[in-house]
């Protein structure tokens, strides 16, 4: 188990490094090829060539890409020093993701302060969609062919078919602006009460969860139907178990495995969903940082976000694999 | 069930077809199980009757698709509960178990009988056992559905049964998962689970098909021993006449959802009355004989259950279909009739006259076997 | 009419439509309360030496004072310089090269320490360190030290090496210009001229929390998220003739969703939009319909224009450029950008109305035709240019500037009618220095027209037009002379106008220069931009000031 | 459609005559054949062990005969079949076909060989590509081998279909339109297409219904007579093997433990395992059930990853003695036509008499006469 | 030699002996090809058929967009500012200016005909979605089948690459990438480049999903005996991959393709919404939604039309894809 964990963690790190390196190369090399100069972006009006040189130097853009990447990677566990004017260095403590080109604030701080928002968004939405989606799916499967089943499945298909920014806008229009039922907070911070977090995140949760729950409902239904046809379900019935026990104890647990697999994948997609959701609802999480950073070519922030996202995906997959082994005794970690 | 226009009444049955509780422990009367499908109505079982006493073993043989499993599931009441398909099985007839009619009984009552009064061993133990729960847990569950005992007691019972079915170190293996067992052990565990409540009726649906001969022998031996010990009624379903010969007291030969021959095992093996039974016997190479000439199988392949051939369902494959006069084999469905001169209840559904059968058997068939 | 439902915040009644234009809406001396700004975009920098956005300059007055500043008066009067930290305006030497200021008494930093002339010099000196102090305008640097002999305080700790600024004592500061410059005090009024206490200078990180010498100091700043200012207890009202310092607290919420911001402004959650770029279409429609008394239709000193790249064929030909002037439907552009109220009036002059040099010279009859195109003339010019069937070129627009893409699409459609086929290239404003501002890129991609907007750094022809039209300002990247005008007569005109200390003479020169730009059809202005801004009925002392491009004068605001 | 009765082939006499007629020369010779499947683990996929699926076997198949191979599940029968048809690369040993060493030929090298050795597969459902028509399936051998039959491909295919008792008009049908028995016939037609010398059949009838099974067995029988085929038939059903084979090899855990002609093997098995195996087969004869003595092997076949030392069967053998745990008995001919690998054979003289019995050997089996 | 075996009773039909019944049964019960079965099932699925019809209409509309617009609408880039309220710049008349002339009304600010922009937008959406799906499917099938079939290190490498790609925060990465990619690539400029970039990027990030499925299927298919059979006949890897395996993958691949198209439509819309989509004045649904954001309260129709267009299109594809999957499902549980 420990050996497995260590191996997987190494694999996660490798994977994240590859993702980072790719992102890094693209952002450093592509602009160069297309004749853009990152330094110019940050220089402001009327900057002389020498000044540009200075900026390039400061941002480390004058070094070879791999060297820059190495510096960046090294900074994560070890911290690194940045020139702050001629004779001064700023030490960026580990874990150091560097400083934003744009705002010159620590990327780590910016991201860690944004993380709770995205985390809360993701967590809440996950719970909602898992619970909602699975419940609807199970019910639909059990009442297969019924009016409820049809309605739920058409609803689910509609849910999958709607862009989140569309649903989001409509929801905001209705619940916040027209009915005035909810009030959204500008910037969720740790000092805000749970109530404020809840009120602000409620619509985003629903919007995001609706989209995904729809998918899970369909998946659950299909899996459930398949599982209900398995031989071991027949065995369970042949023991004299009641239908409820058959479903809860025997069918549901098997239904969970494929859902878990998809869930692992979706956690990755969630990052994309978070960008749109945060954008639509004006939440200041990782997605918000990401869009800002992309808009201003703020490479350290883009890298930071990519790192967090890739790490989240990789770790989610690891957790899913472990969960898998917990649920299914046939799966061996090793 | 008005779509079942054939009465299915069976002449010469040992029981009359009124709904009086029978004297036999298990009595199946005119059982019909039909499945509506896109292609038409599948008449998987179409008027089957038999009875069985405690301590007896009934063997049901027949080719694939002849309705053996559907029959067993029908007895267990497993067609009706939560069939998650748009169209459910249509079942009619009567199933009497220990004086209770099961088809008209409330589902919950039947549920309570399942696992306790009657239980079942399935063909493929790997897929029939839940892969996520330990063997012990599954047996404990089966026990606790019917017995209000704590987990420890139930576990003890599980270990006891595992020991009984011959699993070594049962106290350790009780916590193993199905995939950690070999095929034979799984089947034993399956049997342990079926027996945990001392059922009166045990149905074993092809319990050994997935197993090696050596293991098959062990399992059959086990079933035989257990039956002796508990005195239950056992139905063993198989397509292997050898298995039936090993175990059964009575035999039902099924073809196309109907019973074509039924009787005491002795009789059916020594004086089979139906050409299909002859075909089955002729199909089997025998290990006990050095016989290298051609086998005498039934030609053709089993009928579609949607378009069961008219008349005698077997007539398209029957080499003697033209012997009876006229078109009778193609138009009239033969009913089960008591075999002449059979002291015991040996029945067969064939248009051939007793003399014809006797002649064919002694002159053409028996010598080649 | 609207605002009558009292939904804007209880007791208050809005002051009326345009109540803050040319006059003060809700004048009040009441102190206390929290003034709440909302903004789509954060300050570019909070570090006074690095900021370049008009709104940042407006906002900086809360915590960064300068020797002189713009008067706190509505409208054009706000363009006048008045002393702030200085006791009086500069004493200028005869040759116009020496400016001397005496500081007021009682100037302090937020820690209570005394603010000296050395601090001002130090603050200004930072802009010499171009690696770290990026972003802000370089006027002071290029005016005081055109050869850039000083290297900046981080590379050269000895401030004495910055010879053009002298601090004979704590209360006196002297600027010595190598050449006279009539706009020098304007440059000092920019936040680049604000003091920084050397001991508190955290260089690049200074931006996160500048050290205050004004009535408010930073409590927190979360970049791109929020700013909170609280009262600076060390600040003495007696030392400050400008700032009433009414609210107890000032907050800025940064929120990317403009529509949302407008709604919440109207809901009373915020008082003022800090960006001051006007309401969104949706917001202003509601505002005008339902809360007309709470909006102002203010004139900015921004000009929307299309630079005709004189290096890109066939726009190197003056007739081809003129054809563009004739073919453009200014009225449609105005409509596209939101109509008269929002887009502003159709522009004829390259200067904004508040800049000396603006006049009604209209060689192409744009105003005469009410902005409508003259296809016949356009075709005639095309013929002269040798492209009777029109030509193809690329127009650039910024995709993050509301309405700019639409306007480019509109031009695409209009010019298409005379055979000029435009392809639209868009990029973010951030990227423009690498795109339309990169000579190489312009050449490679064949950009022929650059659509963008411009406002003066300070209200003079120099502060407005030099970066745009002076050939010496052409840069390989980050270029703002997008038209790549290389006209020696124009360069000379700038030199002459700057050198003179007589405003009238300067105005004359700039006027002629403007005519020249139009005659040569280098640069096509099309709108004097206006916008519709929300003014909370609960905000007091609200007025639009020319000093900050028509924005409200933030430092004066209070809340009811 | 599988009319089965035949008239023209003189029945069993022909069959018995075949081995002699084909002068019994060695067609296939296998020596020391091994196949170990590596077990890999970890990130670097290090080999941590091996499944010794086939672990050193020798046998010959003579022209015109049928060699049957039986054994319990997992004993390496299929692996052996794949090795001799070179679908797998042997770990060690040699495979010679018609005297030619084909042990390490590549795909290309094997191609011409493939004409002579063909396979019939177990599962009639998975051995036919569901997306191909019967025509495509049966003509595949011609296409892959670049053979252009006289009279055209289609004609030839239809002729083959007819040969195996299918309607040639079904050329354009898909496999799912056929029943299991018919599908198996399609597979047989494919195997016969190139007139192979030898056919390896891995459980050719196990997946079929009893009556269909018999039809196919008859068909195989007839084809052998007609084309003078040599069969290597793998099966676990001892009755079927007895019926079809001339000689039979019994495998246990990757080894051949007994190799004998049919008669000797069934009437006087020498290896205890063979004996136990045969006693386990149920006989469809009610009368005989009382009389038989049964040997119930307990437990399962040990893992081929770490097979028992010495004689592999010693863990389940009631006759096991000390020597069995240490010394591996060689496969030697104890009687004409009967090779056995056992220290203490049945029906023959004990080869290691007097060795101390293994403790508990008696309890590994249960012998009883069932009543 | 044919003599003994050919007493196939097909000709002996009338007496209905032996094989005839066999044949009759086969014909009746299993005698239909998979395609027929699927088609029969599909025919009964009203929703799927509706989806298919809509998809078909959409395809036709996209292909003949210029013709349709010529007939019924205004050129998509034509300004009709006379249709706007001069003060608010919003369309005159009810429902965003819906009229006989402008079926879906006009856009605010510039008065462009929404109907023709929706029609042209369909073109972009379809083009991007289809081509990206095809790209993903081609890549995914190729790599998936190779990984699944060859196994070993080939599989390991391809699987790792897929893992890494799946670990990319895709939406973020795509918007970042689009923001740094040059304006002209491979001789294309303007919207052409963007469309190509969108296709490449969406397709590229889509292939691991297909790849995983195909790999899994191949893994199970290659164990089928017919593969062994082909090999025993001397078939090489190429024959097995493309002749034996690929035809069996057609069904899952087809289903996946139809289900990937709606996802791609949504992705394209999301990218356009985030400003990383096609360039103006090319119409795209996501871009229209983005434009509509500014006025959706006052001119909801401008948001409703593109929103509905996306919704209906995606729903139609989903319905059709779903129906197709059910129809092609060998288990056919419905």
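Note that the chains are named A, B, C, D and E in the order they appear, and that numbering of residues resets to 1 at the start of each chain.
In this text, a residue touches a chain if its C-beta (ideal position, glycine included) is under 8 Å from a C-beta of that chain, and two chains touch if they have at least 3 such contacts.
Please read all numbers here as calculations on a predicted model, not as lab measurements.
Note on connectivity: the fewest chain-to-chain touch steps from chain C to chain D number 2.
Within the contact network of the assembly, the step distance from chain D to chain E comes to 1.
Two chain pairs are in question, C-E and B-D; the one with more C-beta pairs in contact is B-D. Per-chain CA centroids place chain B at a distance of 50 Å from chain E.
Chain centres here are Cα averages; for chain B and chain D they lie 32 Å apart. Inter-chain centre distance (chain A to chain C, centres taken as mean C-alpha positions): 39 Å.
If you average the Cα atoms of chain A and of chain B, the two centres end up 55 Å apart. Residue positions of chain D with contacts to 2 or more other chains are 1-3, 5-6, 179, 182. Of all residues in chain B, those touching 2 or more other chains are 85-86, 299-301, listed in ascending order. The multi-chain contact residues of chain C, meaning those touching 2 or more other chains, are 400, 428. Per the touch definition, chain E reaches chain D in the complex via residues 1-10, 18-20, 22-23, 25-27, 30-34, 156, 224-226, 228-237, 239, 244, 247-248, 250. Taken together, the chain A residues at the contact with chain C in this complex read 31, 35-37, 40-52, 54-55, 57-58, 84-88, 90, 99-100, 103-105, 110, 113, 172, 177, 186-187, 279, 282, 284, 288-289, 291-292, 295-297.
Chain contact summary for the complex, chain C toward chain A: residues 42, 52, 129-132, 134-138, 151-152, 154-155, 202-205, 207-208, 222-226, 253-257, 260, 263, 400, 428, 430-431, 433-435, 437-438, 440-441, 444, 467, 473, 475-478, 480. Remark: chain C residues 258-259, 280-282, 284-286, 288, 332, 335-342, 399-400, 402-403, 405-406, 408-410, 412-413, 423-428, 445 touch chain E in the complex. Residue ranges of chain D in contact with chain B, taken from their complex: 1-6, 11-12, 15-16, 72-73, 179-182, 209-215, 217-218, 221, 236-240, 242-244, 262-263, 266-267, 276-289, 294, 296-300, 370.
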